[in-house]
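What follows are several structures.
Next come two complexes, and both contain subunit A; in the first it sits with subunit B, in the second with subunit C.
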Partner chain A sequence: MIVVFFIFLVSSYLLFNAIPGNAFSNLLLNPNLPPDAYEKVLQTYGLDKPLFERVQLYVVNFFKGDFGYSYKYYPQTPIELIAERLPRTLMLFSVVNIISFYTGFFVGKVLAWRRGTKSETWITVTSVFSYTVFYPWFALMMLWFFGYKLGWFPIGKFLYPEKWYDAPFDSDIIFAMMIKFVVVISILQFIAYTVSRGIEALSIRRNIRFTSLVLIFIGSYFYWNTGEALARKPYAADIAYHMILPVLVVTIVAFAGTALLTRTTMMEVLKEDYILTARAKGISQKRIRDRHAARTALLPVVTSFIFTIVTIIDGSVLTEQIFSWPGMGQLLLQSVLNEDIPVAMAAFSFVGVFALLAHLIADISYSYLDPRIRIKSQG
Partner chain B sequence: MQINEQKEKNLQKQLRREAINRNWKLFSQSKLGMIGLAIVTFFLFLALLQPVLFFTGLWSQGVYNPVVGYDRITETKLVVECPKEYPTPEYENYASCPGDGEVQKKMLYLAQGVEVGDMYEVYLQPAPPSIKHILGTDSLGRDVFSQIMEGSQVAFVLGLLSATLGVGISTILGTVAAFYGGRVDRYLMRQSDLVLMLPTLPLLFIISAFAELKIWHLAVVLGVIGGLGGSVITIKSQALQVKVKPFVDSARITGGSQRKIMFSHVLPNVAPLALLFMVFSVTGAIASESVLSFLGLLNIDMSWGLMIYLSQTDGFIFSGLEYWWLILPAGLSVTFLAGGFYLVGRGLDDVFNPRLRKR
Partner chain C sequence: MTKDILVVDNLNMHYETLEGNVMAVNNVTFTVKEGESFGLVGESGCGKSSVASTLLQLQSENAIISSGSIKLDNQELVGMSESDLRKVRWNDISIVFQGAMNAWNPVIKIGEQIREAIREHHPNNTKKENTEKISELFKIVGLDDSIMDRYPHELSGGMKQRAIISLALSCDPKIVIADEPTTALDVVIQDQILNEIKKVQKLLGLSLIYISHDIAVIAEMTDNMAVMYAGSIVEKGPTASIFSNPRHAYTKLLLESTPSVVGEKKKLRALDGEPPSLINGLKGCSFSPRCPDPTDACKKGSLEMKLIEIESAHWADQCCVNCG
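Let's look at the complex of A and B:
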């Protein structure tokens, strides 16, 4: 894995190096760039050295977090830019991922269960449509319909600047806070689920889950109405309001892939003998569906979902461009269009790191979910 | 001897024909697959129709050329002057002036000697659909229907080229990995890990930033990325399953060379899966092309993505359905063709994956 990562770094450097006419030195002729920045860039990338040393220098610099200066936003470094934009992307896409995964899994489950009925055909056609729909076009149409025609949601941007004129803090703090909030909530929910999983009786389990949900709601209500959070509430609400439409659009597009895959795996699982056994035992239909079939079908879906995180990063570029959500994807696209090479390199490498981490998590969670692998690796 | 060979060939031909018939029967049982096939055929027909129309002279290049064609559609309108304050007896508010069949005087600043109350001939761009232009014209007076046809040519060329290339690469690599194993296998798997890790779209941005991407360049890039990626792993696992079948062993015992076994015994059995991959990757290729040209990063004359890009930059996308012929046809074409290929893939899946068949 580490080797793969080094190869990725080197090849991404070579890719940028292949830009004709040596984009580095070309852009250094930019009159807006002060001489000390010029020196700095020259030094950081070792532009007066042979290729091999430059690659070495780049890898070393990557671990130091030193990418020189951005050409466009001069005094800022690429790392600062990324640190500013990463929370926004993380916020948007963590929410989208969670929602689209659950809806996708649920729809796929129902689809496979109702095989051959008319509603199955209709849902399949809809999900195929949303799976293959030309995404930018669809997003623009939704933006037109909900943002312009109905006027329910704002058109683009992640906040109303007018509201933030006299704000005592900047948006990044709020973002960090919202991310913390979402993470804590999902961890609590997850704990509640794992605790209640061992309980066999359906009614007690359902009650525990329901109570935990209510408790979380009450807790978050108190959290947002006390102390520091109270002052920040309107600003957080502003950001949340701007997030609705992007989340909706991306969810509609993203859930279909999961749904279709769940349907396929689920259909294969339903052919297995133990489903027949479960039926013969007289277990209720819902229980067979949820506990016997869906559990087994979950495995490939989770794997593919983690693989699609890369695809989601891809999609984030488009989403952020269309909804003018100033995140990582937009940074990458803009820096490529402006030939702001240091920023583009830094952003591209970061996206690579992201994808690598996702793969790592995929490997680990795979062994966690599939007992066969876990047991085999233990001996 | 001669006769026997002839006989064997005939028998092979007959078997092949029977297999095709059987598979076709299975394929035609899946309704969604047939719908997909119909959509794909429709777009293929559109793509082929345009050159025919140009060649037979039914369409002249000057008017209907999707890139440089131009048609002047005029309409006679009444010249009016909008009032400074609303409401007036004629106009209720700001939006209702100029009304239907009217044109503001200050818009005609180039025309001399035009007074309020005159009739004046104005150019209609974009022009709404008419008999001459089935889907109207765009903001430069070009025929939208012809652009759609050109776009479907681009989509077919790109999709089929990149899919063929990608599947070719991944089939050969996957089979090689399964067959030789060991170090080759490990290397190939690491390589596809790396390619899977690459974020495709940002990579394409960067490539398009320094290279003027033409349509076939893009096809090659997409094909190589797709061919080295995850499909190698899937095809490898399929080939591993084939490799342990008895007929491979018997081929080895009768003295078949490694290469002979690989190409004439293992490859044909991997081919159905590869075909499936090909159909699905066409969907991806069409989408990538449209996205790139939607962002204005491709150096091509006309495509569906470019049509949406133009309608967005010209500011028609938020006009809603008033200028629907600029917005809907291109977007729906991308969606339907990609969906059509996807559905064909689903139909083929039913044919090649016997476990899923309805019985």
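Let's look at the complex of A and C:
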């Protein structure tokens, strides 16, 4: 993985270096660049040195966390820019990922279970459509329909600027808060689920899960109506309102792949002998579906989904452009268009690091999901 | 007189396929008494496993039971609703499937899979009670308690099969169906598992239906037996009586194709030909095309398949009884 990362770093540098017109030296001649920046740029990138040394310098600087300065927003560093944009992208796409995975998995599960019925055929056809549809066209159509024709959702922008003129805090704080909220809720629900697993009687187990869900709802209601959060609520709601359409569109496109894959793997699993054993044991159909079939079918689905996350993040360039969502994707696109090389490279390597991390998570989750792999890795 | 635990009466079942209906089970009638072990023997594809799956009403979706009844402890199973069936399954009748290798879900621990079955039928048990129950079952089949926390792939074939037996016993069923439980095992383990099943059956006073293609195993395991050919029972009766005095031509050939340890050395006979296709059913004696010396009546197929009693409780198909 480390080797892969090095190859990625070096080749990304070389690619940017190969941009026609040699962007690096071009910018040194840029009259807009302040004189003190000139020296700094020359030094940090070693632009007066041969290529090999420049690559070396870049890699060393990368690990120091030094990406130089943005050409366009001069005193700001790329890191600062990313730190500002990242929460927005994370918020949007973590919600999309969670929703699209669960809907996709659920739909696929039900499809496999109802194989041969009319509803199965129709949902499958719809899924294939949204899986293969040309994404920008689809997004624009949705924008036109819901934003313009029906006027339900705002077109573009991730918040109403008028509302934020006198806001006492930055939008990023709200974003960070919303992310924290989502994470805490998921962790709480996960804990409730894990604890209740140890209980033998099924009815008690179900009740505990239900109660925990209700408690979380009540808890979050109180959270948003007390103290600091109350003041921030209208702003958070504003962002949430702007999020609906992009989330909807990306989810529709992203869930279909998961759904179709789940359907296929589930149908394989349903032929297995242990499904017959489970039926013979007198276990209810729903439990067989969720516990025995879906659980085993999960592995390839999770694998493919983790790779989908990467493509979704890459696809954020498109999504954010269409929905005017000022996140990482837009940053990447704008910096490339402005030949703001340090920012582009920083954003680019960030996406790379993210992709590598996703693969690592995929490997780890394998061993968690499939005990057979766990044993192999131990010896 | 011991009571009848399972009564199968005139059971007919076919599979609907694109090529036509496959008549897999034709007029099958047999009775299993309490504490008795009953053997079902026949070559591959003769409908043994189809019978087994209908006993639990687990036949696949294209399988249609056209007539007949299955009474388990005076409870009619054919046409029973799914939710009622779920209560009967495992609690009253359980099954050890062909190929235990694949009968375990690979991602759930063995103990949890057994516990799941108990939980379904005894929802008020505590975890401790269930664990004790499993450990007790493991002791009977000769497994260590630590197996409970193992995953199926960590066990050897024999251990898996033992665990499957304990799974089948987990809800104290009245009757256990063993559908070729030793097929995938090597001979040494096969013998151990057979002894285990025998022991358990004696110990718990279970009724057992033992399904196998191996007539030697049936001889060892069962009190009564039935020989199936092409979806029908061609001969049934006490195991001893059938072995000493086989009346149906197929049974005779089956016995001659098995080596005997004690008897004189003789050349084993192989059965010529192939089992008939069951699509759209058969007319007359199903065995006549392969019969070594069929009569004219057999060839014409004028005699319907019908069991007649030749000695007390020993039945055979009328066609073969008539020809000698």
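By definition in this document, the second predicted complex is superposed on the first by the 376 of 379 C-alpha atoms of A that agree within 3 Å, B and C clash if a C-alpha of one lies under 4 Å from a C-alpha of the other, contacts with A are read in each partner's own complex, and residues count from 1 in each chain.
Convention: contacts are C-beta pairs under 8 Å (C-beta built on N, C-alpha and C of every residue); 3 or more make two chains touch, one makes a residue touch a chain.
Only a predicted model underlies this, so the values are computations on that prediction, with no experimental measurement involved.
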Looking at the overlay on subunit A, is there a clash between subunit B and subunit C, or do the two fit?
fit
Of the two partner chains, subunit B (first) and subunit C (second), which one does A:S203 touch, if any: first, second, both, or neither?
second
I want to verify one number. Taking the Cα centroids, what angle sits at subunit A between subunit B and subunit C, in steps of 10 degrees?
80
Quick one: name whichever of subunit B and subunit C touches more residues of subunit A.
B
Who does A:Y274 touch here: subunit B (first), subunit C (second), both, or neither?
second
Looking at A:F181 after the superposition, I want to know if it touches subunit B, subunit C, both of them or none. Which is it: first, second, both, neither?
neither
Does subunit B (first) or subunit C (second) touch A:G282, or do both, or does neither?
second
Kindly classify A:Y241 by the partners it touches after superposition: subunit B alone (first), subunit C alone (second), both, or neither?
neither
Once chain A of both complexes is superposed, is A:F134 in touch with subunit B (first), subunit C (second), both, or neither?
first
Is A:V3 in contact with subunit B, with subunit C, with both, or with neither (first, second, both, neither)?
first
Touch check for A:R295: first (subunit B), second (subunit C), both, or neither?
second
Does subunit B (first) or subunit C (second) touch A:L332, or do both, or does neither?
first
Considering the aligned complexes, could you tell me the closest Cα pair distance between subunit B and subunit C in angstrom?
8
Identify the overlap between the subunit B-contacting and the subunit C-contacting residues of subunit A.
none
Contact footprint of subunit A on subunit B as seen in their complex
31-32, 190, 193-194, 196-203, 205-207, 209-210, 230, 283, 287, 290-291, 294-295, 304-305, 308, 312, 317-318, 320, 327, 330-331, 334-335, 338-339, 342-343, 346, 355-356, 358
Parts of subunit C lying in touch with subunit A, wherever the complex brings them together
56, 58, 82, 85-91, 94-95, 97, 99, 102-108, 115-117, 119-121, 123-127, 130, 151, 153-154, 167
Tell me, which parts of subunit A touch subunit C in their complex?
198-203, 272-274, 276-285, 291-292, 295-296, 369-372, 375
With touch defined as at the start, can you tell me which subunit A residues reach subunit B in the complex?
3-4, 7-8, 11, 15-16, 18-20, 23, 116, 121, 124-125, 128-129, 131-138, 140-141, 144, 148-149, 264, 267-268, 271, 307, 310-311, 313-315, 317-318, 321, 329, 332-333, 336-337, 339, 344, 347-348, 351-352, 355-356, 359
